[in-house]
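Following are the structures in question.
Look for chain A in each of the two complexes below; its partner is chain B in the first and chain C in the second.
Now for the complex of A and B:
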């Protein structure tokens, strides 16, 4: 379920130009311009939340937003949430780095080598749509219920968007660039590092950005299913303890964290790919 | 100089090896738990140092749902798992070799019980017959709740096969009733207490009590292999755990009891105070467990008859 959302973002390898065009005006470029109207909408919805909880919805599971904010600033809760989020982010980043590293390496290999592409594509397409909750029980048998299992699940989720985008990027490298590399008598390794990887970076970054959001979601889902740490476990515990204000405090923080992570990766992307965006404009 | 370096090295090595030696005095057991009131004796035994007295250190691995505890036990990721009779029996029937070593939680002796089928006050649902063709919320299909919901519907004049069972997590059941997505729900404490005391729902019946008084539900299981390899450790675990049972029963409702239980369940103290918690037990009588096995056969969870005694280790039987 979680994984399927990637399929819309990763276009088939035959249309690299569309993929490139589609991603440029996405989130990153417009964050600055839409900040105020966007913020207004968020504030309006939070106001609606407050009003609905006070006047229309009578449920212990729907506390007013103001109570959620108060819970966030209660001393014990704030401190606990800091450690809860630190544990989850650590797990998420570990899985992300492993999954992204593997994804880039495999993506380059698949992009360059037709034999590998034909051999691995069916398997990638078969594994890619598997939902995380379905993966957890068999993985428990192999890896237990701790960080090793959850990190693997996160890495697995991260792997495919990065792999597919990287492979696409590698195949979209302009032949003239490769010819030039050949003219300069670059060896294969040097061609990959100095020409192919930099030229594929716009694609790789788009894969990384999709994966980072996925990694956070998958981390929380895995923590909800197994183990006693992190955001997912906190959400479940507070829900079962009938402390919905604390639960939503974690949800609000989770939203802010997701926003911050995207902001960071978009900033890095714009910095690293300045040449690329200059070309596009 | 060289001599000094050598003796310093030896001293350092000795210090390093001495550390684990001290820790080795305690055997560490990894226990998969669900942070609910049912595991109070375990938490009490940990807090009060009963396990240490028996030379055991408990490393709990909490999981929010019970579904991963038994796969983790089967794979050896944990040594002991707290689960329910139905799930343990299902695993045993699949040849996973689960054995119950200690009793966990029982249902109440008489109504009102810790779990009930509830509906809106004006819905007119009082018996299983009133549920014919209706929708009933259970937390998970094919588990102990689902099993006793079926049994209650049939025992009170209804037809369980005409009821639609919908999976709804306990925390959302009251909302599902309020919103009309389900006609009734099999609710447990603390949600049952919250819903009834708030007037949102009324009790239609107590399925466990209706079928049988004091049903063993929650229990601690190990694998046969672990039991065969570590009989002394298991004995020590059970001895310490049973001390926790005695303490839990003797001190139920005390401030310390409330502090320990609200500490790991995270339940606010005022919620906990409103609950009526049945006493904990040390022994599971095979005859008290057998009806559950028979119901599992009747409702298709088991393919062939199962003797309750086949999943009970000596440590949980009456001496």
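Now for the complex of A and C:
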């Protein structure tokens, strides 16, 4: 059945170890050699943007890059963007925590119990590939356009990668570990907390890492479709209002946010899984 | 053969659970506990599905959505694999493009919809561009990783046998990197489908995403759910088809890694 096969959202945890050893250098890893050509290319493209907007392209849709950056620091826009992003991120994190919590709990249950696994995996397999934005319109009818709806959509999107990775991690726990726990007469709850969860953490983190990126995407999407509040809504409003500098400022800030979120979760992963990476060497 | 029937309590429950849930929902709607205007009875949705299928109303929206997805997915994948091979094989190309990729990659691609609408309007070009952008990066990153992870011994061996650079790439590097490339393609398919639906919802004139939003706005709730079911089935079948294809092509590899 599904849970045995390497599934869509699963990253077997050999990957970070390989990357750490430098056998499979990840993008963004320090490669030793200087990357000044690449940085130069980025700067050149930004320069081209600036110059083209100043001298060649006369369009309200194409403000110079400097104006976009200035919009970020302008009194009004800066404050507005701060509140817009704070609202979206709070919503995203709420949905993420709920979805990830449910995903880990269900994943452990499914991983440990054959009955639950056989009963639930067909339904998981049916729901998992559903493109999440499709859920927004029905949920608007049921929950309105506010935080309840958006949080639910985010939680739904987060649930499946976490669930599947957790279940896989739990099933990959070495039987010796479980036997040892039994030898020490650990109860079921204590086995789960002290043995199974830590041993499946590399898998769980893979799920969390994928889900966090997905959560940001889905937050923006839900806000775009439903409107009301948040980054997605702000982007759409600025586009309608032809305030392109503010629109690009939000896009730039969103890229920074995405980068920061990924950086944070990878750092936490490195720290929490230090034993795991050490083991692999 | 009776003794080999794959029957177990869990499997039976797997069939019973959705049936019971649907029956309970049907009952709840019939009894008025759930407002029919918000959640239609499953039987009504089924009736609507039959109507859509029998009336031939399925094909135009489905074709539109699949056409957008296929063109964008195909073009972006080919470009990404090409650039990925170059970046993976050449340190200079890698150094040139890596910072740019790192700058653009973390951006949630739906955020590019508003600017793209300004430049390209709300037509197919805009939708294909945004879907293509969402597809491009997972494929590129996994290709680069796959190519860089190829065992140098393989490449040296090919060189010893007098393979030219082009043949080394096509006969050694590409096959060895294929499991990674497929992982990228699989992640990209899911993202691509999400983006098609979003683009159609925000700037659509047809297609399944547009229909779902349109039905919601006009309160044709039964139709909305019917099209949502169609979308779910489409996602399921695309995913299943891809997994089958991957299993068939990758039968020699147990390795499957990647990053989103």
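In the analysis below, the second predicted complex is superposed on the first by the 220 of 281 C-alpha atoms of A that agree within 3 Å, B and C clash if a C-alpha of one lies under 4 Å from a C-alpha of the other, contacts with A are read in each partner's own complex, and residues count from 1 in each chain.
Following the convention adopted for this analysis, contacts are C-beta pairs under 8 Å (C-beta built on N, C-alpha and C of every residue); 3 or more make two chains touch, one makes a residue touch a chain.
Since we're looking at a predicted model, the values are computed, not measured.
Once chain A of one complex is fitted onto chain A of the other, the partner contacts of A:228 are limited to chain B, with no touch recorded for chain C. Of the two partner chains, both chain B and chain C are touched by A:61. By the touch criterion stated above, A:270 is placed in contact with neither chain B nor chain C. By the touch criterion defined above, A:144 reaches chain B but does not reach chain C.
More residues of chain A are in touch with C than with the other of chain B and chain C.
Once chain A of one complex is fitted onto chain A of the other, the partner contacts of A:90 are absent, as it touches neither chain B nor chain C. Of the two partner chains, neither chain B nor chain C is touched by A:171. Once chain A of one complex is fitted onto chain A of the other, the partner contacts of A:243 are limited to chain B, with no touch recorded for chain C. Shared interface residues of chain A, touching chain B in one complex and chain C in the other, are 61, 136-137, 140-142, 224-225, 232, 236, 238-239.
Chain A makes touch with chain C in their complex at residues 5-6, 8-9, 11-12, 14-15, 18, 23-28, 31, 33-39, 41-42, 45, 61, 114-123, 125-138, 140-142, 209-210, 213-214, 216-217, 220-221, 224-225, 231-232, 235-236, 238-239, 244, 247-248, 250-251, 254-255, 258-259, 261-262. Across the complex, chain C meets chain A through its residues 8-11, 13-14, 17-18, 38-39, 91-92, 94-104, 106-115, 117-119, 141, 144-145, 148-149, 186-187, 190, 193-194, 196-198, 201-202, 208-209, 212-213, 215-216, 221, 224-225, 228, 231-232, 235-236, 238-239, 243, 256-260.
Against chain A, the residues of chain B that register as touching in their complex are 32, 35-36, 60-65, 67-68, 71-72, 74-75, 77-78, 169-172, 174-175, 178, 190-191, 194, 265-268, 271. Of all the residues in chain A, the ones that touch chain B in their complex are 58-61, 136-137, 140-142, 144-146, 224-228, 232-233, 236-243.
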